Structures are given as structure tokens and as C-alpha cells.
Amino acid sequence: MPLDTSTYNLALLRVDGRRWNELRQQKGQLGVQPSADGSAYLEMGNTKIQCIISGPNERDLSKSTSSASTAPTSNGAGATVAVSIMIAPFATVDRKRRGRNDKRLQEMQTTIASGLAATVQGQSYGPRSTIHISLNVLSQDGSLLACLINAASLALVDAGVPMTDYLVACTAGSTSSYAAADEEADPLLDLNTQEEQELPFLTLATLGATDKVVAMVCESRVQLTRLEGMMATAADGCKGVRDFLDGVVRDKGELMVQEGAIGRGEVVSSMDLD
Amino acid sequence: MPITILQPSLAPPPKLRNVDSDSDSEGGADLEGDVAMGRPAKRARTQDSSIMTPGEIITDDPQWMRGHGTYIIPGASSNTILSSVAGTLAKTNKLLSVRPLRARYTPEIGDLVVGRIVEVQAKRWRVDVGGTLLAQLPLSAINLPGGIQRRRTETDELQIRTFFSEGELLVAEVQQLYNDGAAVLHTRSLKYGKLRNGVFMSVTGTGGGGGVVRARRQAFTLDISGTDEVSGSEKIDVLLGVNGYIWISKHIEGEGAAAETSGPGITRIEESVGLNVYSSQNDIIPVDTMREIARVRGVITALVENGLRVDEEMVIKGYAEAVEMAKEERDSADTLWLGGERGKRLANALVGR
Amino acid sequence: MPREAEPSQNEKDFILKAVREGHRLDGRALDEFRQLDLKFGDQYGVADVTLGKTRIIAKVTAEVTVPYTDRPFDGIFTITTELSPMASPAFEVNRPTETEVLLSRLLEKTVRRSNALDTESLCLVAGQKCWSIRVDLHVLSHDGNLIDASCLAVVAALRHFRKPDTSMEGDTLTVYTPAEREPVPLSWLHSPFCITFSFFGSISVGEDGEEKDIWLLDTTLLEEQLRVSSCTISMNKHGEICQVAKPGGAPVEAVTVVQCSSLALQKVKDLSDFVDQKLAEDSKHRNKGGLLAELSAENAR
């Protein structure tokens, strides 16, 4: 396949005009589905995800969603996280319908479910309840797993589920293919489909702005020496994503305070006890 | 019905946050400078906002205690309290807790809830009250028809479905909580029991955000003075379940919410618990009453859509306002509809905006 | 769905405490593999891997079929996994568990997507005839670390396999029986191996309370049930990463992951040497006395 990114070295600009460390345009919205317990809509570039959460509630797992992947929180003492991904047939350029038992999707579901289970503090709900996370991919243009994780995180905040921190994810690639052993290769942040097809890349999910890796998926051949650089880039991208998600949540909260839907919070900055 | 074309209103301009976070959303992780490279000191709290988000440090002062919606890093020796939900901070003496912007209902003892039967078991019902777990209603915690006081026998167990069967609605009180947060309900009062002659609706419950709030009175009777073609004789009962489930029904003397105050004491319970308390048959409801029930429902929907709290005062005021609005525009046919622009007008009138 | 019995709280506490202090139940070091054994069958393309009590058999078969229409120049290469109730009561027939889906996905990514087997060399007549290579993986006994053992079995079986020789003369394609022509090995590009790290939380070391993640290699089933998360790194001996998968679970420091990846390289080199040595032994065994012995007219009497 001809490398479109071969022009990268000339101007240090990528196919969509970004520099190596730039995230794509992001848009986020909370509470897009009022009847759900929590919902969010997230765009990262042209990847568009809608996430609907129902629960935590007590519903028969086997009956409702047989294709969902589940993971228990807090060592089985807390609520179960069940994730199911639906990719709309119109999400990609070539319109096709996917089977429900696509192993690639199942793997992603498992990754998201057990990743979120590690951040959700589910012990307050009891082991019989389940948080159902349903992710709908409306448009797909690279960094799919990362975007799914971010959307689910955002929706969980909307649902008021206690979490240690946001679970955020981002992709990073490397400009050289595995064959070329040149040391000049630049890492790239937040890849789109075109770049994903040509370049080795990995998806990294971290716990908030820390360097703690919750999930990491790399599916392409890449030199071991590249790994560290790509991980560092992705981790920095995760920080950017976290700040963005945090901004979305704060905006929503401030709006609710302004409208009077919730009482104004008290400020502890003074830290004085009466 | 004539078609009116409304002037399209401009979408509100996207709110720009402070410059700092704006650059985040576009520039992302800028590795060029040294600024972003260093481990960011755990985000300084923005001064203007009192919103807490997950992972945010609330305080590292050891004198505070942590409450709901907060956590400390296990194992670490520090006393740092962090928020685990997005919401506003609440102080109760030395206890710090974060009230989430939105959450599912968490039952507390004494809550008045409206629920729906989802499962019938041998000696109890499992009831959906909108919480994280199903609540249960033991057979021993209901009133028998006719108010007879006796042990529940096998016969009662066999005909458990004659009291409540799947899908039926009831109003009850939370009597007890299990360790995992599941609630046990009871209906041993005249004001509780099966619901009929009305309409069900579901809004956000207590736990965060708008919706129903815990108040002194969750159940009340509304005089439907109504638009003037209705005689003032009819009344409507409104049950605001703390869990966000709401029941609006025709008022029947000696039953429902009113029985709470005017009803007989425990000594006369036999006489007052009629034989038809477990009937699933609706009484005849006049069309006018039906319309006013629908209006009340519209008012509550409008309150929720505009982010206002739902309680007795707001519903009564809102209903009066809606009636006024309907009187003003007598000629147009859709006076019951309170969505969109009309709902906003109603809400604005209520809060005096 | 039947489940593996949960270890009791006592067992959990005991093993976790021991691991924190650097001990394992079977006396191995934290980064030590169990006894690894690799046997080849009488036929070409059968590998039997034993890793402690885990035992896996991989069998390679080849047949001539029609290539996929969208890839006329490529042969077909499939890996199928079967986790039968024989290996563990938690597995059911015809109902892939999550373990199985993850295992087959990992093998797919490690061996197939990394182009370990040159699928273009499997093409016989473009768009009409090609070889279809199929690897059947059977787990005979499950005592942890299925992924590493399976990957080793698949790679060893494929490298051991010989497909019938073919020739093209004009429009006629001839497939020779082993008696006519010696079968030829597959065109093999590199040998990837999986190394799975299992994490068990972190302990603080030193006075400054620095956190250090604890990880184990080659976990038994019991240890696997207790781990908080895992990370599988696939690599070849040239230091090329073919795949990294940390499917959720408790967070670990990024530094640990980088350290693990360089350690994985050492282990992969060991495994690679091990397979090379076993293959050499096997071919020596098969070829007693070399070609001359076979050609000799003298018979055993």
C-alpha cells in the first residue's frame, strides 16, 4: 500500500494537517438520552460514539444481553459491568453488517468492561446489580477503542456511578514501519483510519492524568525500542483527553447550578472548621 | 387545527471555557514545551466553580471525614480525600460528601415510594423502585382485604397474585434496609397499597440532580378549580414517590392520601380497609378529571425538562399557573400541552425569571 | 454457565502474601517458567507442548482450495482453538467462553497478523488454487498460562510441518505424494512467542514508599484466578513486538510495562532457542544416517 504519510517528512504535517502531538477536534455532551440513567455523546475527529447506561440495577443478565461482555468490580463484591458494542452499518465507508459474534468486537467489549471495572467503585451497589453500558458507533474513523472507552467514562460520570478517576484512552503511532530501523521515527498522537492502516500504533488507557496503565492494546508489528516513545505520547494524549472530558462535566454541572436544578456546592477552600 | 410556524430560535453559542482548557481540547498534549511534560500537579481547583469531578482532590487536611461520593487512596498513608462522582460538595460538621449531579435512587428508611411489581415469589413480591437493587415486599407486610389481623396462611401464599401480580403499581414505605442497600417495603397503612384510577410517570428521583426531592409531604390532594367549565368539586391525588416515580389519580374519599389525615385510627382499620383495596378495576372517571390529571402530568414534565425540583409547592403553583395559561388562550385547542416553549414559559413564571 | 471453583479466602491470602514476599507455591522464582517440554508426532506438523500440568496439542493440515475472491494471491491460513470440557469443567462444547475468544484473538494477532507465515507463498494458481493451512489447537489439560503454551505449540507445529511439493507445467498443477517427492516446509518468516505477565498489585519498597508492581511469569491456574490484571506481549527474537494486550484489569505503572517488554525479549530468545533445538533434534532423529542410508541398496537383513 502506498504510504500517504511519506510526505510527513517534508512539512512535518500529517494527512489531515495536524502536527505529531495534536489531538483531533473533540466534542462531548452529557445526558443526551433523558430516559437513560446515564448517557453521553462523544466525537473525536470523525469517530462518533453514543453511550447509553442503564443501571446499576438488578436485571437478568443472561436474558437481556447475551452478547455483552461482563466483568465484576472490586473482586466480585461489587456491581458487574456489562458492555455491549453496536457498530452501525453506516459507520464506515463501505456499508456492511457485522455479526454479533465478531471476535474483534468481543475482545474490545472485554477490554472495556474489565478496564472500567477496575475504576468503578462498585462495592456500594452489591454483587447482584449490574451496570449495563451500551455503546453505539455512529461513525468510525480511527482510534475506535480509545473513543469507546472515553465515551463510556463520560456516560458513567453522567450516571453518577462512583469512580476512582476518569478512564481515558488515546492512540499513538510511529511514523516508520517495522521494517525500517531508522531512529528518526516520530511518534504520532491520535490516529485516524488512514494512518491506522499504514502505521504501527497502540491504544493506551490510563487512570485519569496518571501514568497508570489500565489497558493497552497494540496489534501491529513495531520495534521494541519504539514502544516507550509511543506509550509516552499516548499517555500525554490521555491527559489531554481527561482535561477535555473534565471540562464537559464541569460545564454541565455549572449549567445545572445556574438553572437551580441542584444546590450550589459549598467551598472547602478556606478549610476552617467553625 | 391551524398550523403555526414558529420563528426558529438561534442555537445558543458554544460556551467558551477559560482559555486554558480551550487550548486543551484542540492542542492536546503539547510536548514541544516543557510545560505539559512535567507531571501535572493534580489539577488546581478552578476558583469560580464549585463542581467536583471524579479524581479531584477535595482536601488533604486530616481533620475532615469522608462521606458519600468520596474516597481515599487505599494503602496510602496520606489523608487526601478525593471525589468519586461529579457533583457539588456538601459539608455536615466534619463530614465531607459530594452530591452527584445525577444518580439512581438510594432508598432510606421512611421513604414514600411508588413501585412496580416485577416478580412474584412464594412469600413476597419483588418491586422495582428505581434503585440499584429490587426492593422486596413480604406477604406479611401488606394489609389483608377487610383489614383482618391474622397470620398469613398457606392459603394466602397460594393466592398471592390476587393481592399484587406482575406489572401492578403500588405505593409503599421503606421499612428496612439490607446491608447491600436493598429495601424492604410495607403497605400497612391506609395511605399505602395498590394504585388505580390514575396515571404513572417516572422522573429523576432523589439522589442527585432535579426531580423529586425529599419533602415534608410527598402525597397531597389538589383541588381542581380548573378552567372554569369544571366544577370545583373534583379533586386529584398526587403521589410524589421519593424514587422519582409519580402517581396522579382521581381522588376518592376515605382512600389514598387524604386518609392520612382524615382517616380513622388503627382501631377502626377493619371497617376502613375495604374489600376492594386489591381491585384492579378503575372507577368511572369524568372526562374533566382526566384532562386535569393530564395537565398535572404536563406540569411535572415541564418542571423536569426545565431543571426545576418537583415538590408539593412547585406542583401546586405550577398547576395554578398552567390553568392561568390555559385560560388566557382559550381559543387554541392544545391547551394541555406544556412542552417546549410553553413549558419554558411556565417554568420562568414559577421561578420569577 | 459452569464456573471454575473460586479459591477460598485462606488460599487467596496465603498465596498473595507469599507472592508479596517473593515466594510461589511450587518454589519457582517469580520469573521462572515451569518444566517445558515439546514433542513432535510421527506425522509432520504435530506438536505436543507440556508446561507443568498444562498440555496442548497443535496439529497442522493442508489442503488445496479456492482462494478468497478479495485476496486472489494469498493462501488461506486459519487457527482454530478448542477448549473442551476435558481441560476444565468450566468449558462447554460449542459455546466459546471469554477465555477462548481472547486466546484465539491473541493467536490470530500474534501469528497471523504479524505475517509469521508468508501467505503469498501458499498461492498456486492466482485466483483459482491455493493451499489452505489450518492449525487445530486442542487444550488437553488446563493449569494456567494457556496463551504462552498455545502460541509455542502453534509456532512449533507450523515450523515442523511439511506440505506436499507441487509443480506447474503449463496449465497442469501436480501435487506430489511424499513417496514421489520429499514434502517441503512452509515459507516461515519469523517466530513470534507470547509472554504473559500476571500482576498482583503493588508493594512499597524503600523508605520513600515508592510503589513497585509485582508480577509473575507462567502462572498456574490458581495464581491466574487471583491475579488483578495481566499483560501479554508477543515478540520475536529480533526484538519486534507483534502484539501487546493488557485487557483492562487493575492499573499498573507505565514504567513496569516497559520493563516487562524488555524482559519479554530475553524470555522470547530462550523460547526461540528451545524450539530451534527441539526441531534440530527431531530432524536428526527422522533422518538417521542421512540421505545416503535411504539410498543404500543394502537391506536390514
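The chains carry the letters A, B and C, assigned in the order they are written, with residues numbered from 1 in each.
The criterion applied here is as follows: a residue touches a chain if its C-beta (ideal position, glycine included) is under 8 Å from a C-beta of that chain, and two chains touch if they have at least 3 such contacts.
No experiment lies behind these values; they were computed from the predicted model shown.
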Could you tell me which pair, A-C or A-B, is linked by more C-beta pairs in contact? A-B
By mean Cα position, the chain sitting nearest the middle: A
With chain centres defined as C-alpha means, what is the inter-centre distance between subunit B and subunit C in Å? 56
So what's the Cα centroid distance for subunit A and subunit C, whole Å? 30
Out of subunit A, which residues touch more than one other chain, so two or more? 207, 211
Please give the residue numbers of subunit A that touch subunit C in the complex, ascending. 69, 71, 76, 103-104, 106-107, 110-118, 178, 202, 205-207, 210-225, 227-228, 231-232, 235
Help me check something: in the complex, which residues belonging to subunit A touch subunit B? 21-23, 25-26, 31, 37-38, 55-58, 79, 121, 124-129, 157-166, 189-190, 207-209, 211, 233, 236-237, 239-240, 243-244, 246-247, 249-254, 256-257, 259-269, 271, 273
Touching residues of subunit B toward subunit A in the complex: what are they? 15, 17, 21, 24-32, 36-37, 39-40, 42-43, 45-47, 49-55, 58-59, 61, 63-64, 69, 71, 82, 84-91, 94, 96, 99-104, 131-134, 180-182, 207-210, 306-309, 351
Quick one: which bits of subunit C touch subunit A in the complex? Just the residue numbers, please. 6, 98, 101-102, 104-105, 108-109, 113-115, 229, 231, 235, 239-255, 257-258, 261-262, 265
